[in-house]
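Dropping a structure here in structure tokens format, bear with me for questions.
Chain nomenclature is as follows: A, B, C and D, assigned in order of appearance, with residue numbering initiated at 1 for each chain independently.
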Amino acid sequence: MSRLIAARGSGKKFGGAEIVLALSIAVLVVIVAVPVLMILYNAFTVDGKLNIGDVVDIIKEPDTYMALRNSLIIALGVTGLGTFLGVLFSYLVARTDLPFKSLMKLLFIVPFMLPSFIGAIAWKVLLSPRGGYINKMFMDIFNTSRPLFNIYSVAGIIVVETMYLFPFVFMQVSAALERMDPTLEESARISGVPLGTIMRKITFPLIMPSIVAGALLIALYSLAHFGVPAILGTEIGFYNIPTLIYRKIHSSGGSFASIRTGTVLATILIASAALILYLQKLVLKSGRYSIIAGKSMRPMLMKLRRSKYPILLLCFVYIFITVILPTATIMLVGALKTYGLPFELKNMTLRNFKYILNWRMTRQAVSNSLLLSLGAAFVTMLAGTIISYVIVKMKVKGKFLLEFLGVLPFSVPGTVIALGVILTWSGRFGINLYNTTWIIFVAYIARYMAFSIKSNSAALEQVHDSLEEAARSCGATHWQSMKDIVLPLIKPGMVAAFFLILLPALRELTTSVLLYGPRTRTIGVAIYALNEDGETVLACALATFALLIIVFGEIVIRRIISAKEGGPSGG
Amino acid sequence: MKRAITLLVLAAMLGLSVAATAAPKMQLMVYTSMKEVLISELIDAFLKKNPSVRIDYYSAGAGKLMAKIATEKQANALVCDVLWTSEVPDFYQMKAQGALEPYVSPEAKNIVSPVKDKEGYFTPARLGTLGVAYNTNKVKNPPKTWEDLLKPEFKDGFAIANPALSGTSMVSVGMIVENLGWEYIQKLRGNGALMGQGSGQVVDDTAIGDLKACLGVDYIVINKIKEGASLGFTYLDKMLVIPSPVAILKGTKNLEAAKLWVDFMLSKEGQSIIANSFTLPIRADVPIVQGVGLVTPAEAEKRAMKLDYIKLMSDKEATIEKFTSIMTK
Amino acid sequence: MVDNIRLVDVTKRFGEVIAVNRLNLEIKQGECFSFLGPSGCGKTTTLRMLAGFEDLDEGEMYVGDTLVSSSIKKYYLQPEKRGFGMVFQAFAVWPHMNVYENVAFPLRVKRISREEVDRRTKEALANTRLSGLEKSFPGELSGGQQQRIALARAIALNPRVLLLDEPLSNLDPHNRESMRFEIKDLQRQLGVTILFVTHDQSEAMALSDRMLVMRDGLVQQVDTPVNIYYNPANKFVFSFIGLSNFVPVEMSDGKVYVDGAKGAGSLNKGTEADKSVFKEGKALVAFRPSDVVFEEEGPIAGRVIRRTFLGELVDYRIKVGEHDIRVQKNRQAFQLKEGDNCRMGFKKLLWYER
Amino acid sequence: MAQIVLKNIWKSYGKKDVVKDFSMTIDDGECFTFLGPSGCGKTVILRMIAGFERPDRGEIYIGDRLVASGEKHYSLPPESRDIGVVFQDYAVWPHKTVFQNVAYPLQIKRVHKEELKQRTNTAVAQVGLKNYEKRYPYQLSGGQQQRVALARALVPRPSVLLLDEPLNNLDANLREEMRFEIKILQREYGVTVLYVTHDQDVALAISDRILVFDKNGSIRQVGRPEELYENPNDSYIYKFMGVSNFLPADVRDGKAYLKGTGDLISDQALVNNGDMTLASRPSDVILSRENGIVAKVMRVAYLGSNFDYRLSLGAFEVRAQMDTHDALAQRLIFEPGEECRITLNKITWFDAEQAKEEVL
């Protein structure tokens, strides 16, 4: 037993280490592992017996099969388009003499912060085949009955998703381009290699792992994405895996067959997510070379010369289309007296906003979302800190299990978590949280725990062991060194984790939409339901509030993070 | 900063536990397919009368509500106390399954309705009607008969809400099929008619011009017209009149409150609120709103298409499927 | 044609900071020339301007008669057209290409026959002792081997000028020393002009025919290593180029004493003070620890307060009045113990204003 | 002030024995150095003395107190051992100022406010950081941070100071400066110091005694710096201590002939006849134009205070160093390819086989 104890020189035979470890594992098992296992169990067994034949039958059903195909088509399309845009823009921002680059860099990341389902509503308003404002204008001007673009289509879904997911590649690749040692390119230049050849033979091969890693992230998200296909696809009977699960569960009437179909679909999602993460790991590992610069140098910039301003204009147009236009649309429609009226001052009113503020349902949704996200952020931050401490700092046997459990939710899409949580917490194990806030709370914790562990582990890894050991050798006990050294140093990481969970949780849709009850709507669910019910103006009014909360939150985060960078940093 | 976050979080935790556990003496949850504009005023008035009851409602399409109730039963966590939708067959079905609690309200004797349940398993609480909602910019000659909808004026621009989502639409389709036959649906489709989303959405789509016209629920359309939408509303020769019954679910823990609610809905005060929301009351002694195109309950009953609800109950799935397959081909 | 490199009034600013200030310089063809200075002195900037990676704020640069950079004409020959070779501090070998490809890639881009590419690649690899490693990837090789790839890549192009930007500072001490000599040998063998940037004075002295000492963008001295060591232009050069003692002295009655230590003896016995540096009778005398000789007749008396055995050398700290003097002697030389009194003579003294 | 006694210490990680039956006594007030290549177990022993690791077997005493015993599964926690530790990566706390860093050990001991302030200020001044009290570590250079770590380790007046490669991350100039300062501080505090390093320059400069490990973790020699340098037990120590020339020779009756050329290299080889290896330091190679055996100059490098020569002696390379003044005075500046003559001032003899051992 004593060999198990962390070799931290504690004189006791039985340290607190095992207790902490056991507790952490227990929390993760209950919150994360059991729901996933429940899904697998339900997918593959009938009445407690293994039954693969049914699984095959379910997959053969046209509904299921089509959803699989659709998910794949969308994922491929979004990944392709998003990767192209991400690489293009990151190259422009990192490696050319494009003006206003730091502003552009910020603007290109903005779509990442905005909830994509709100964007989808905006695009529905603008580009629905006959009633979309842009389509209407187009048809009026050219006197045609053919719309400019039908957003209710596979192409529409791909385009809208791409707008919100391309930052994955953008961020990965621009980071790689910035970190890349500029002398790798300069050495080619001075050897007489022309710029184009350098780009093809040196730059792109070197950032390829980052491109692929970003692309796989897009694929992972797109495959399991609910919001956009739910808003733009259901209209034309187009379902992907998450929206089909949603439909099945919502029209199930609690029947086992529907839940079973859901679990089989969820299993497919888990499998594809695991495959994608595995591929990503492989790619990152095969990036056998480090391209990081020793000292910071300004990289070589490609001179755009005459095309500089046209390209700048193109970037601004892109940002206008992806960020400003939909946001403005949401706000304007939120202020319309009724949907369908032209945007004229006489049709504008603040009544919807006032209504949203006073309406019980929306107030409840807002307070639910606030409570849920604050609570989930707080609990995951604390639990994540403890679990990360065990993973990073403690020399305890069996912590590999924690590591595995900790990152598991990363590969489990929100829909799957929701389904697993329903299966686990609907009385099967004696606790019935169905239709309560707690079931959403449990799902949020499962969904966001990995974020917290990742963020806290990164912070803890910065705190070198010797900092703690130095305190011990100065006469501080284990607890004192935790309190005086470790906690103050990881505090910025903990705060960052708190907000990194708070914001996405505030606008969460995918998980909540499967779990909400009559009294437990969240902001995301409320907007989605209002839109589905045809209360478009109210949906937009509520979305306006949601956007304001999100923007405010982002500003707070940036403040905190920049304050952290300014001050003394860990390690 | 730190203290602020801690406080916020403590408040959140507290709120969460309050929201989840604390409760006043009497609680009531109404599941309804009625829209916000219709139900919220009813709730407010009810609360004024019965301050000791904490009433909540959950508004969604009838199909969704039924699924939700079924799931709740599966999970043994029934939340719904009272159900109020327009999908009449569901009530027959639930009655047959023994899922409803019989209650004959003292107010029930004043009701005028094509559908009634003597044992009181459900009671009509509103007489919904569907007319044609049309976009005034696109439709210059409002239709008068069902045949009018087959004219070129409505080509590729007329929709009926998805009967799988909307109870009124489900019953409407049943009525059309029973009175005009599947051939009529085929002809509609031949003229490019579409199957829309929920009953609210088809009206919205018409308002914005995505559709030229649709089958629209009275109060939904009229409310939008009142808000300034470019919509018109008209009834056809044969009317779609659908009572919206209310029922108490068996096993409710809030039977007393549920009865109070049913009584209130059927009372003169309750019916007046319903009537003032631009739909038809089920009481003859409550006047309708004039000048918005509504007809009296008596006339509505006279012009109404007939429907065998019991039969529709058993044909429901098949009807939805056939309709869907015709409209999406 | 002689391809001397000429820099005329070259100036470069980064915001408020003047990185290079009116630099005039001529480097002869075939010469091994070092830029030496503390980090941030402008030496790397100068090299990068020569390579064509940085524009000039003022001035011109020529290689032979060819103008390569001119701030006045706003003319900058592209780096790839200058015909230089360059080796970077962080090696900058391409991690996704093997050794052979790294060297051959720039040749392939030029319109040279396959056989020629192969011949020159192999020759360069042989010259840098990399034969046999052609198929290896840089990630599998040591720092020294990677730097040799970079060197091979540069020389395979037969450049007129080889620019080396701190090429040895990322290597471990052992590799650093041997690479130093390899570079020197290669230069002799190929007759190429080498421009070498470093902050390590021993590296610069061991390698260069001539060197330039820079500080804050200003040239301090340009000369051969021996001259710079023996006749430093100023105090900075003296202290930068090796271990140094600076002792404050005062003049009284025409004799020079260590400040506050008249009793220790006067310095100008055997060494003539440069009178011009004395201001109000005060000045600094400078000498290297290795230039102190323990001798019975030495002019200055002191006491050994610390003796440290360093292996080849023995390091003494000698107290003269209030001042510490550092002395280093070969271990074979005459030895003192801690607490011993001694007299010191000086092989060479330099005089500076205080 | 205390002596450190290590008795039959064993430590393994997994199946690998890192420390095998290690015993040593470090005297009170001594500056003792563990010198050895990385992976020889020297840091592990230091960490066991500090209490960060526990021995599998054996006992450790600090002063008279048993602090760890593998057999008894006993290990006093580090905070109770009355030690100071300085780490390779400085380990100064980035969220505390210089003053707060140094004051922390006193704070933990609940030293009275006034005394805390006075002792902290003294310690900060001693390491030359006066006026830097309010700065944060990120505002300091690496050398300054290492000084903070030193002051922090010394301020509670520990009886033992453990230094784990503290100068590794500093550049050459700072390293050369700091090694003297550590020595001065050790004398001032009279503390027992255990210093762990792989750098023989630092070890020579700082230590009263040095223990040299080989890569297997075995003790090769313990002794004063000059003993190790001038009288090494074996060729491993000789190579480890500095730049060295090794030449194979054939010894016959006190005369040594260089292998290959047959030149008489020494007539005072008072060792066994047969194959031997002779070792000499570059400064022991005396160059001249007249006396000694002939060598060819391969290159001459000017290093400031001296010249560095690479010579070839038949198939072997010999390095020599000369003081610049002497070299210039004796006109010993050769061009590559020229011939010169050398004699060897001091020769150390090793068995030819044993001398092949490589130093990592």
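By our rule, a contact is a pair of C-beta atoms (placed from the backbone, for glycine too) under 8 Å apart; a residue touches a chain by one contact, two chains touch by 3 or more.
Since we're looking at a predicted model, the values are computed, not measured.
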The chain pair with the larger count of contacting C-beta pairs, comparing A-B against A-D, is A-B
Chain nearest the overall C-alpha centroid of the shown protein atoms | A
Please work out the Cα centroid separation of chain A and chain B, and write it as a whole number of Å.
-> 37
Chain A and chain C have mean C-alpha positions lying a whole-number Å distance apart equal to 53
Please compute the C-alpha centroid of chain B, do the same for chain D, then give the distance between them in whole Å.
-> 89
Each of the following residues of chain D touches two or more other chains, namely none
Spell out all pairs of chains that touch, sorted by label.
-> A-B, A-C, A-D, C-D
The residues of chain C that touch chain D in their complex are 180-181, 184-185, 201-202, 205-207, 225-226, 229, 241-243, 288-291, 306, 308-312, 315, 328, 330-332, 347-348
Contacts from chain B onto chain A in the complex sit at residues 1, 5, 8-9, 11-13, 15-16, 19-20, 29, 31, 35-36, 40, 56-61, 63-64, 66-77, 79-80, 164, 197-205, 207-211, 220, 224, 227-230, 328
Of chain A, residues touching chain D in the complex | 2, 7-11, 13, 464, 466-467, 469-478, 480, 484-485, 488-489, 568-571
Mind listing the chain D positions that touch chain C in their complex?
-> 180, 183, 200-201, 204-205, 225-226, 229, 241-243, 281-284, 299, 301-306, 308, 310, 321, 323-325, 345-346
Please give the residue numbers of chain D that touch chain A in the complex, ascending.
-> 50-54, 73-81, 83-85, 87-89, 91-95, 104-105, 108-109, 136-138, 149, 152-153, 156, 162
